[in-house]
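Here come two complexes built around subunit A, the first alongside subunit B, the second alongside subunit C.
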Partner chain A sequence: MSRLLLAVPAMLGVFVVVFFVIRMLPGDSAEAMLGASATDAQIETYRAAHGLDKPAPVQFWIALKNLFRGDLGDSLSHYRPVLSVVLERLPSTIELAAYGIVLGSVFAVILGVVAASFRGRWPDLIITAYSTFGMSLPTFYIGLWILMVFAVKLDVIPVSASAVEGLPRWKTLFGPVLTIVVGGSLVRTTRSAILEILEEDFIRTARAKGVPKALILFRHALGNALIPIITMVGYGLAVSFGGAIVLETVFGRSGVGKLLIDAITVRDYPLVQGTTFVIALFMIVANLLTDVAAGFADPRIRVAGAGEL
Partner chain B sequence: MSDGQRLLEIKDLRISFSVGEDTVRAVNGVSLTLDRGEALGVVGESGCGKSVTFSSVMGLLPSPPAVIEGEIVFDGRDVTKLSDRQMRRVRGKDIAMIFQEPMRSLNPVMRIGNQIVEALLLHGAVSRGQVWTRALELLKLVEVPDAPSRLHCYPHQLSGGLRQRIMIAMALASQPRILLADEPTTALDVTIQAQILELLKRVQRETGMSIVIITHDLGVVADIVDNVAVFYAGVIVEKADKYSLFRSPMHPYTIGLLNCIPTLQTKRKRLYVIEGNIPDPARLPIGCAFSPRCAYATERCLTEKPETRECAPGHFCACHLAGQIDPLNP
Partner chain C sequence: MEAILKNKFFVIGGGIVLIISLLVLFAPLLTSYDYGAVDLPNKQLPPGAEHIMGTDLYGRDVWCRIIYGGRVSLTVALGSTAVALVVGTMLGALSGYVRGTLDFVLDRVNDVLMAFPMLLFSLVIGVVLGSSMKNMFLSIGIPIIPMFYRIARATAMSVGGRSYVLAARAMGGGRMRVILRHIIPNVLPHTLVILSSAIGGAILAEASLGFLGFGIPQPTPSWGLIANDGKTYMFSHPWTTAFAGAFIALTILGFNLLGDGLRDWLDPKIRTAAKR
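This part shows the complex of A and B:
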């Protein structure tokens, strides 16, 4: 509940920061839209028509009032309401982030469990080295390598997904999702969570019962490690989303991330404002969802009442 | 005691751990037998190797770092020689174990029922169709009130005493022949302690299994065991049936322990405490390990380790002075 209340100032903060930061960039919408050949008179007319001639605080006040009415304004480059432009692109980004998070987590968790169960021996060393390496490389760098291998060398995916009509969905997802998976950011979290849990008394109980090693790892240890792992997924959501934005640009997928980059390039202020606003909102919702998921993984923090005896 | 009665025989067990430069000698030549239906009490201060000894019987000691020598013969087989897989079929099935910390010994994210059912299914104690009926029976056997609804509980919803009952129910799942109870009541309130011990005694009598109750408090188990083995610094310093042990203790350490138990007679006197601490298992004395704390220690005690001798029928003691000390006047 307090998390929900905190969301309001957080969203407003994002709105304010973005509003002033984009106006600090050199050039403005009029110059970017009309091009270098535009006359001063044309530029003045454009600014007046879109309210860009007013002082920044006045513009801000108007934008804020509209925001509270649920109006994010019209896009300067798409010529229609910002909200509809963003909502059109959002599913594609959610799809990418969701696949990335789910497959990336499953892969990382399996590696982490394997590493923990071979603690200090060669499978552990290889996996730990791999994940340290993967995490230290920037997302776009891994993405470019994957593009090199799978698009240029092997030709299984196109270099730019949006440039090809009627592409099967998996081909548009393959590159960016693989990049997130390879990044392997949860491997070490999982490994250390499992190692810690293996020291717990209830693991000794499970061994005393005669539970086989694989079940101890995946049922007893992982069952408990899910709590810290889900929390980490929650913390990592912003990063995953950021990663999705970069990856859309690298792999030419048309999602919210690419929309945002393009909007910044043409100084489409309302669109930048609207896109960041929706992304922030989405992130807050996703964080709340991880809280709920963590609650499901841990009966001790599940809402009391039902099973209480 | 004929060999046909013998269920478990530990022969000259030695267990050490390499910790950095040091070798921690946790168990230094323990020999012990357990018969069918016997209730054995294992007593000794904290750190003298009780848990390590019986964890090794369960194959629960990770080696490395543990180095295990000697034999642990269960049912004709030396369990120290069994593979992981073979040992797993003994653990929980033939020999079960419960622990000191019921609060932390159950998986916090699994329902009680599922944890019991897991134990039932592992060793094929009952068919799949009957596991839930059997789980319920087990809960009733260990006198858990409101049993059907408890099956759906998570451990954090239960008290320590109830959790220890659940541990016992789980341990009984495949009708083991030996139940090892490592300080089962140490973490519990005094009233709950008595109930749990009473329960252990009752199920032991009903099932005819053997039971080992490990404790640092002799008074706690005096009622429910037949024999007592007293541990000190990784050896058994004295073993006898409980009547001889209580009536005529021979080892100065046992005498000290018995004087620690408050009784009506000692009420007026200040309670006796044994001065000093147990020796560091990485730096054991050359002679008798108890000699630094022993009021009777002679030159010989400091230089020569005492052998275990049968000082009276069925009464074993490892002390050079066994039989020469008056227990009533220490």
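This part shows the complex of A and C:
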């Protein structure tokens, strides 16, 4: 609960940061909107009409009031409210992140459990080496090679997902999701979480009682290793959202990441501001859900106060 | 010192980092080309005797650009990590030792910083500041601050109540003095553990920004920008991007392994666990 309360100042803080950071940009949206040929009088009129001539704190107050009305301003390049542009693109990114996390976690948990149960022997060494190496590969690099293999050589997916109409869903998701899964950043966490649990007394007790090894691994160890894994999944969500910027660029998906890059390129500052804000909000909510999920997985945390996680 | 040289991760990671650093440092001795010299008749050559890693879309020698580009990428990575290390550690130590309102406020600020995906944050800061080396230190450094802040804060909290710290306070040591003399020295070993992987993360961030086209302006090559140069022709002439990406990945691997080695060595709990 305390965690929930702390999320509110975080959300406001995010808004403050985004608002003032964008205000620090050279030239305001009047110049960007009207172009270099605009006269001073035209710029003054635009500023007055959009409240840009008022002092920054007043502008902030107006923006804050508009925020609570769900108004994030108008996009300069899309000629409609920022919020509707962002919301239109959001599902695509959420879809990508969700598939990436679910499949990536399943993959990681399987490899992590295998590695932990063969600790120090060759399956463990191979899996650990793989994940160490995978974590060092930039997302765009993995993505480009996946495109190279599956789009250019094998021709099962298109080089750019948005360039082809009426594509089956799995074809647009295949590349980016595979990139997230192959990255394997969760494998090491699962492995070390399970190894740590295997040192606990109750595991020794279970072994002494003669509980089968597989049952110990999946029921006793994996069950208790859920907390660090859930925390990592939450972190993975953050990575996926950040990674979406790169993935959507590489695979030509039109989600919020690509939207942000395009907005920056055409200097559509209200859209940059809105996109950044919505992504950050999403992250805060995701972190909250992670904490709540951790509390469900382990009642001990709920009692001790979830804030300390 | 002997113990750490027995650590495989440390030795392999350190070796990779050392080799790459030497390549980058002695770049002028290792190539006879100029990294900016355009040679259009010889553009997009595959690797061969003349150009061991081929040439890019302007006929520039890729090997030459990569070893010179490493200077930019590594400088950006070290500079931005240094920014994060200094700011994060100081604020974290202050927050964890002083506690109270200051801690509450700084911790909320930290929450806000952590709400932005790192790459997104770097992008937006980069757009605001404009692209230059100094600004890259900030745009990549600021998003890494929470990594150091959190560790410094946690350590300062646990060290803050120890008797020698209380003694220093009782003898009239001011807050700043206690923090600088007693808290920071205790915090540093813990930050050292993440320092190496933070540098790896910074290299990754620079590469991703460069790849997206938001790096230091041309013609200064950085690994990210070299990868970006080759992007358009990746599928017909993959060499430029392939080699640049491989260097990025290898360097990050080196720093990550180095970090793992250092952690094993410095953290006795993990060290004994690994031996078993």
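Going forward, the second predicted complex is superposed on the first by the 230 of 309 C-alpha atoms of A that agree within 3 Å, B and C clash if a C-alpha of one lies under 4 Å from a C-alpha of the other, contacts with A are read in each partner's own complex, and residues count from 1 in each chain.
One rule holds for everything that comes next: a residue touches a chain if its C-beta (ideal position, glycine included) is under 8 Å from a C-beta of that chain, and two chains touch if they have at least 3 such contacts.
Keep in mind that this is a model prediction, so the values were computed, not measured.
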Which superposed partner A:G210 touches (first subunit B, second subunit C, both, neither): first
First (subunit B), second (subunit C), both or neither touched by A:L173: neither
Touching partner for A:F241 - first (subunit B), second (subunit C), both, neither: second
First, second, both or neither for A:H220, with subunit B first and subunit C second: first
Which of subunit B and subunit C A:L195 touches, first, second, both or neither: second
Of subunit B and subunit C, the chain that contacts the larger number of subunit A residues: C
Which of subunit B and subunit C A:V233 touches, first, second, both or neither: neither
Doubly contacted residues of subunit A, that is, touched by subunit B and again by subunit C: none
Touch list for subunit A against partner subunit C, complex: 6, 9-10, 13-14, 17-18, 21-22, 24-26, 132-133, 135-141, 144, 147-148, 151-152, 159, 195-196, 199, 238-239, 241-243, 245-246, 249, 260-261, 264, 272, 276, 279-281, 283-284, 287
Subunit C residues within the subunit A interface of the complex: 108-109, 111-112, 114-120, 123-125, 127-128, 130, 200, 204, 207-208, 211-212, 214, 227, 231, 234-235, 238, 241, 245, 248-250, 252-253, 256-257, 260, 273
Residue numbers on subunit B that touch subunit A, as the complex places them: 58, 60, 84, 88-93, 96-97, 99, 101, 104-110, 118-119, 122-123, 146, 149-150, 152-154, 156-157, 167, 170-171, 173
Subunit B partner contacts - residues on subunit A that touch it in the complex: 200-202, 204-213, 219-220, 223-224, 226-227, 297-300, 307-309
